[in-house]
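Next come two complexes built around subunit A: one with subunit B, the other with subunit C.
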Partner chain A sequence: MGKKILIVDDDPDVRLFSQAVLEENGYTPVVAKNGEEGEALIRQEAPDMILLDVLMPRESGIRLYRNMKTHKKYKNIPIIILSGIAEKSFLRSQKVLTEFGGDPVPDPEAYLEKPVDGEELANTIKKILG
Partner chain B sequence: MPTKLLLIDDEQTSTSLLALSLKSDGYEVLTAENGRQGLEIFDRELPDIVITDIRMPGMDGIEVLKEIKKRAHTAEVIIVTGHGDIDNAIDSLKYGASDFINKPVRAETLSVALERAKNKLDLQAKLDTYTKNLEQEVETVTHELRMQSNFLEKLIKTSEEGIVATDRVFTVIIYNPAAEHILGYTADAVLYRKKAKDLFSLDLMRKYQAKRHDYQRRKKLEHFETHVRNKDGDLVPVRFTGVFLYEEGRIMGSVAFIQDLSEIKRLEKEVLMSERLATVGQTVAGMAHGVKNILHGFKGGSYLMEVGFKNNDTEKLKSGWQMIQKNINHTSELVMDLLTYSKDRDVAYVPCDPNDIAAEVCETFTGTATEHNIRVTAKLDPAIKTVAMDKTSIHTILMNLVSNAIDACIFDDIPGKSYEVKVKTTLAENHVIQFEVADNGTGMDKKLRDKMFTSFFSTKGHKGTGLGLLVTRKLIEDHDGSIDVFSEAGKGTTFIIDLPYEDIKNEARA
Partner chain C sequence: MNNKTNKKPVLQKMMFVTQFEKLGFGALQSLLVLRGAGLEHVILMNVIERDRVAMHRGLGYDKDEERRLKEQANIRFIDWAESLFEKGLEVGDYIVVGNVVSQTLEAVAEENADLIVIGQRKRKMVEFFYSGDDIIELLRRSPRPVLIYKELDSNSCTDACLADNPFCRTLLAMDWSPASLLAVEYLKTMKNVVQDISLIHVASPKELKGTSSLDIQKLRKEKRGRLAKICDELEAEGINCRPHLYVGEPVAEILRAAQEFNASMIVMGSSGTSVWHERWIGSTPRTIVEKSPYPALIIPQAKEDSDQIQ
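Presenting the complex of A and B:
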């Protein structure tokens, strides 16, 4: 049984794509379709990694990211962000949020900008999880 | 100047005595021995007062009186009569004598009569002056009036704004060249021949009737943008101001000022067009997001298919193929939206029933809606009949809005909440059909509302091209319509679209 990876994305096609990549590479996917569901599954399943979209309803992707990265129990779970937003824009937005009174958050372990090849995704995961 | 008297008497002794006493009273005195001589002197000297004996050989006093009255009205004639001559005396008054005195002539009686005669003369003189002044005054005023009315007429004639004024029963009495130009009818065809309702729609008239009391209260002219139909039946965009004219509380007429907005509208359109092209150009970066999602979908689809082929997994093959197809659709939607948005297309008015279009759109979405437990209802105004409108535009507009409304419900996704999308049509005033698309989905806060019509702003993440509302708005503007939105986060969104329609040509003529 491979390592457990949580996929959080509101787009069913993206979930399907990521799921297939994980399965092909011997990982066990767990899927959530928004941030709230994702946070619940983290507590329940304690995944080894999170594959996260940040543009989701109710800003739940961003919230999940910031909650996890500042959580003493979960902050060491690596997060790969998979998004249509450019990495620069994302990092800038996080700086702004921190300036507006949030706790400083470390950068994600990896940032993949859509579109992403299956191999590219698999390689990134392998590099982090070893 | 002393008052000039003429004494006529055949008895020389009494004449000379009387003359002496009158001269001493300050009069200038002329004398004559008989009527004929008296008249000669009268013609020459034009005395103010004539005193004549009534009984004289030849021409008697009455005849002298008649002759004098024939020549000059203003001369006062005093008749001197003998005792018992009362009938003659009365006759003389009839012919215009100012007074009569009895013989023998007594100084006091005479001076009283003369005084009276003088007063009458003064009065007459004053009356003359007054009449003359009055005539002059009337002439001056008439002249001024004529000038003023010329001025007003020129003012109305040269006004760039069309002016149409009516009397109290709404017959057109003023119709200037600018109005001719806007409405197409010549002044000859309109003045005193047409009523206001022949030129302006009843809707417009009613609107004014309703505003009438407002105006009386606020003394402020109401104006609005509307359309008037010209002689050829074309709609001309105008800025319309109208007012009822009152005199002492009673209506005395009405006046309408119409400003042709065709040119302004054309310029507005040009500006809009260039803005639109600029938007398309500037937001390639924004579009990149939509494109990135689509490309990711293609990559996903092809990855799934590869895996499917490798493992002989038909399930994977199928979902991979579906993913690719879906993204082909997304691509074509995006390209079509971009084309619609950047192209300046002519509005094609064709006969259609707006209710049918609305019903068809609702029908299209019933499947998707039911899947997500959303009720789609249509409330269509039975007063709407077949009219001329751009059928394709209406279809696209409603498809976009209803699809948005359904997405807003899906996106909201609160368990237990019952979602509904309502489509409503209404036959409104001024040749306008109103479409309403309302949902009780997620709604928008102010930030979102402000960004709503900005290109490539999509709240739908992977689903939207971000161009839907932009395209919708453009189609509405091309159709000379308007779009309004009411939205509140958590409560839902309502779009209200007003689109003008035209009557079907042959129906209008019938």
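Presenting the complex of A and C:
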């Protein structure tokens, strides 16, 4: 069984697409449709990587990212942000949240703006997971 | 974390229901003053009416049109969300097809949102509603406060306070119903946002008929006293409050008062003392929502109060 990768995205088309790319490249996808579900699956499945959307109902990727990167047990799971939200806005939001008194968080391992090309996604994952 | 079991009202999560042309980013930005009242999370919602994706002559559903409209909404929301994220807010979105009232209420339940904002504005001198009686239906069924956002005429926004903060000068209409008393509690949580409150009660002319001037003075004193007590509570929270007693038809007098005090918003309970939640909305809030040029925040009765009345 290949390395387990969690896809967190509210868009069913993106979930299907990412799932297909992962399977084609020998990974095992696990899917969640919002940040809340994603957090539960991280605890349950302990994935090797997370593909994370930012703008989602219930809990956004901003919050989930922060929760993971400040969590003792999960902070080393690599996260690729896959979003329509500009990288600059994402990074600025994390900076503002830190200024509001949160713990500082590192930048994500990679940031891919939607729509993403299957090959680009696969190459980025390989580069990080080896 | 939201704590909705606590009886004290909270305002952490706002559901912003937009059709874009009626409620845009300018409105959303003006509502960010609610951060002073604890706002942390904004849910952007666009409901695409079924008619817009239905094909003619019963041919079914136009999936391509749905996709196009959803992507169009998504582009707007991404743009708005970037700006909100950069301010440190949590943002989520819903772009769905269906009936605006039921979809909104479903999302409110799923998100446990504290406030619904929906747009209504003047168009060529004619009040333009979200879609027929949708707003009234939403008020009737919503378990959460609903803010009917209307852009005030530029003539009304003569000072910076009104231009920057729609809650700055609030007119609170009081009939001592459970919902209007809950509105007082709600405004207390907004003490960092609301600057001045004009607290108004409209007495019925019937109450004055056939009584001596002494009786009328007694009535005035009694009602003013009750209003003053509420003002004292609000002032203890640091909000300026002045009580006012009017006599006449409630809607006309509330609108007159709003104009006289240069109000930025009208706040009121959703129902009178003898009606219950989820079945009825009082005729006064209904007419205020339909006719007034002012934004209106309508506070529903708490569930336990409505159960008692039933």
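Methods note: the second predicted complex is superposed on the first by the 128 of 130 C-alpha atoms of A that agree within 3 Å, B and C clash if a C-alpha of one lies under 4 Å from a C-alpha of the other, contacts with A are read in each partner's own complex, and residues count from 1 in each chain.
Here is the rule we use: a contact is a pair of C-beta atoms (placed from the backbone, for glycine too) under 8 Å apart; a residue touches a chain by one contact, two chains touch by 3 or more.
What you see is a predicted model, and the numbers here were worked out from it, not measured in a lab.
In this superposed model built on subunit A, subunit B and subunit C take up the same space, so to speak, and clash. When the two complexes are overlaid on their common chain A, residue A:92 makes contact with subunit C while staying clear of subunit B. In the superposition on chain A, A:84 makes contact with both subunit B and subunit C.
Contacts of A:56 after superposition on the shared chain: both subunit B and subunit C are touched. In the superposed pair of complexes, A:100 makes contact with subunit C only, with no contact to subunit B.
When the two complexes are overlaid on their common chain A, residue A:37 makes contact with neither subunit B nor subunit C. In the overlay built on the shared chain, the residue A:45 is in contact with neither subunit B nor subunit C.
After superposition on chain A, the subunit B segment that clashes with subunit C is 434-442; the remaining candidates among 128-136, 182-190, 254-262 or 434-442 show no clashing C-alpha atoms. On subunit A, the surface patch touched by subunit B in one complex and by subunit C in the other comprises residues 55-57, 84-85. Interface residues of subunit A facing subunit B in the complex, by the touch rule stated above, are 10-11, 13-14, 16-17, 20-21, 24, 53, 55-57, 84-85, 113-118. Listed in rising order, the residues of subunit A touching subunit C in the complex are 34, 54-60, 62-63, 84-86, 89-90, 92-93, 96-97, 99-100. Looking at the complex, you find that subunit C touches subunit A at residues 43, 74, 77-78, 81-83, 85-88, 90-94, 107, 110-111.
Taken together, the subunit B residues at the contact with subunit A in this complex read 289, 292-293, 295-301, 303-304, 306-307, 316, 319, 323, 326, 411, 413, 461-462.
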